[in-house]
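Written below as structure tokens is the structure these notes are about.
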């Protein structure tokens, strides 16, 4: 395992020390609870947005804390959901009187831990908490009898869009409804060229031959649905875009936010190349791109690969997307 | 070789298609000449800033084109400097009447190609051209009898700072002087955990055992000065920071812009962890951090590793650093 | 009969077992999950093992509640809330019981597993830890009906749990992370079922 | 005697050689540079080889100038301006010369190498292509003085160049990318010196 780390057990806490040191103007970190907060603290009357999950997906979620996006992010161990204590502490700390929205990616662990936190927070302090669970990964069959689709790329777009809505002063119910609507309007599909190595595990989660790739991976080094022979970018783009298009039921004339995300170990030059392929496919399908995002936003440690997320975007969605945001990971208009 | 590409020969041109598609509001790409321009075109009376170099360092340089930074970036093949035709075309296109500054990283190829371009541009159109050559890499001994130090991380900081000065309407001479001054005030040192693979070469530039690292690498997959046993992040930070501190002659009370840069394949969680180590070392040396930058800004394809750049920063430097910038790779205040 | 001290002995023993088997559990999770089950469990059981030294507990109930809270607060992932809830609920039927016999421990185990079901909503053959718990409860009940003592009932439960764990090999996962693999999850033993069997084997060694 | 056609033959031959040796040149550059010398050279020589078909040239001078400009415009890196300048300057002494003899070609080669020096400021034993050019010029001059014809002089130059190339093995680089390696650059042959020797060997085969 080749990583810029000290003791594998300290990776998350030391990275949080680095985040705090690098962004003292914008972030405050509770190192005991491993929570990243806005430096400015909660705003009276604004709905608080709390997210969190396993670490190893940086900049998500800690890098999305700041004006126009999250109020707090709970960092779990690498690829392990945070624990209810963290979520309870974060929930209390960001409550500005208008309630708190939990943004949870659909993984059994995340869902159960956030659920326990919400139960405990409700019993305890009386903070009003609502939750939205993102589940946009079309690689996974959605069914009442399974864990359901995973939450992946849409989570980033949702945190931005609902963050803007909360900033405008919308109520908890409105924020929760918007979040549900954004989650329904987006789908993702990912692939990996290489595995990643969880620091405390010390070796790659899966092995891929030099001429193989995994299609339909999640963001935790889980193997994907299918192992396939390595293919040109053009073909890979088709394997990602087509299931998303058909699952979303997009048709000619629809507008989207198109998001090509790197898994952490793929350089930007390849992501732009992929974005070209994706935009060609969208053009071919008559889908117009209202806004785009290309880069490493929801990653899987040093995994090489990418995911494509499409979010159906009406004017209001685009307006909220364009609203100012000032976080370490996403910034414009501020 | 596992990459998200089609034909290795088309990587640069297809990535440029992707950049153009992803940033239509901010960038315009001349695909024949492989030049990235601001969508808005040259501003009358503003000094034009042109940089360029081999591709594979994304977001540098194309991602640094936009308000507050570059006017044009010439993209060479991967790790190969662009050719004079490109620089001449860019120089002519961005001349707003106040002359053009070439920002060149000190590599034999880059320097010679930019030199030829400046000679040809002067003979040809009468555009006033000045050049600054960045050479901040302390891994390389500087001497009249060698190719001299390489230009690395300082280039990013310089493009931002001089970009702000040009935006303020400073003259070509003032911009060139400021650029020289910034280059003198900054030093860098880099290391690699893994090699990278040039697409057209198809296999890694160098081999590193599982327990080895290279200290003093450049940004082209060149092997470094020394191969060492893999070490904890804390020790690696010391190997990078100490030579930079001593070469810059920094002493207690000095302020810096501290820049921890990823080489492309190292995830953000590790870069933040490294930033923590770096900031501890600076604190120990009594050097205060005025501003910081952590992320992948001047990369070496998918190489795992990082570099540390320190730039001595007075109030004026910090003011120019803080000025609005709106490029795909660096954005704030706009 | 199981008293506070035997429950503490159980947790001390289990912490040792998890430490030894952590890599194995993680490897199982590498095949069909995210390669952290052993790490998660070890993070929690180390803290649990330290409880007895740090604090005096008034009762088995208080102690097991604290075990549950500690697991919830340290393990994370899916197994944290599941094992945490198990111990929180396990404590209930032991309220006011200083020395638990085969009946009381049986009621406690059932309550604990009900907690796992309430939290995780798994069904039989979803390829989760429940597939190691369900046959264990049945075997425990049968053994009790047949007049077994606590040790005998726990041994029957552990043995049945091991069979349930082994039977997860051929299942296609429908809950948890492994479910993302669909057919590819077949041919691997479920990590959580494995840590469950270890927990019951440890109980059979240490309780009574 | 070398005329427009033989210069075109030279470039056609060299393009073939570079195509065949591209991987080798790149491998040399992988050891002490950035693994692209063969790729760079091939990108340029392919374009150069296509010139003769695409365009009619009035003279050797015009053709070689275009060769130089083409290399400058396509090769990039260090070798682009260096080989580009070489051909641009090579053309000068051939102005008005339809059939160049051993003297004229000698003057042209010297002018070309002066261009490389002006552009790259290399000195002997800096471990660059100049270490393959310098002995070649000397050998060419000696052979000419000894009465050799064009082919003989070029053969002597190519042989001397090969020795110069081989001697770069033990040198520590002081120019170009390899200089960053310091002592570690020792023990490897310089890629540019290798492509230079190939160019001269090709000249000995095709000119005269």
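In this document, chain identifiers A, B, C and D correspond to the written order of the chains, with residue numbering beginning at 1 in each.
Everything below uses one rule, namely that a residue touches a chain if its C-beta (ideal position, glycine included) is under 8 Å from a C-beta of that chain, and two chains touch if they have at least 3 such contacts.
Remember, it's a predicted structure, so these values are computed and weren't measured experimentally.
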Remaining touching clusters (ignoring chain B, no chains moved): A, C | D
Remotest chain, chain A as reference, centres from CA atoms: D
Inter-chain centre distance, chain C versus chain D - centres from mean C-alpha coordinates, in Å: 75
Separation of mean Cα positions, chain D and chain B [Å, integer]: 32
Averaged-CA centre spacing for the pair chain D and chain A, given as whole angstrom: 55
Inter-chain centre distance, chain A versus chain B - centres from mean C-alpha coordinates, in Å: 29
Two or more partner chains touched - positions in chain B: 78
Multi-partner residues of chain D (each touching 2 or more other chains): none
Interchain contacts, given as pairs of chains that touch: A-B, A-C, B-D
Of all residues in chain D, those that touch chain B in their complex: 26, 30, 33-36, 39-40, 43, 72-82, 84-85, 119-120, 123, 174-177, 179-182, 184
Contact footprint of chain B on chain A as seen in their complex: 2-7, 11-12, 14-19, 21-23, 55-56, 58-59, 63, 78, 193-194, 210, 213, 230, 232-234, 236, 264-277, 279, 289, 292, 294, 296, 299, 301-302, 304-306, 326, 331-334
Residue ranges of chain B in contact with chain D within the complex: 54, 76-85, 107-109, 112-113, 115-116, 139-141, 145-147, 150, 198, 200-201, 205-206, 218, 220-223, 225
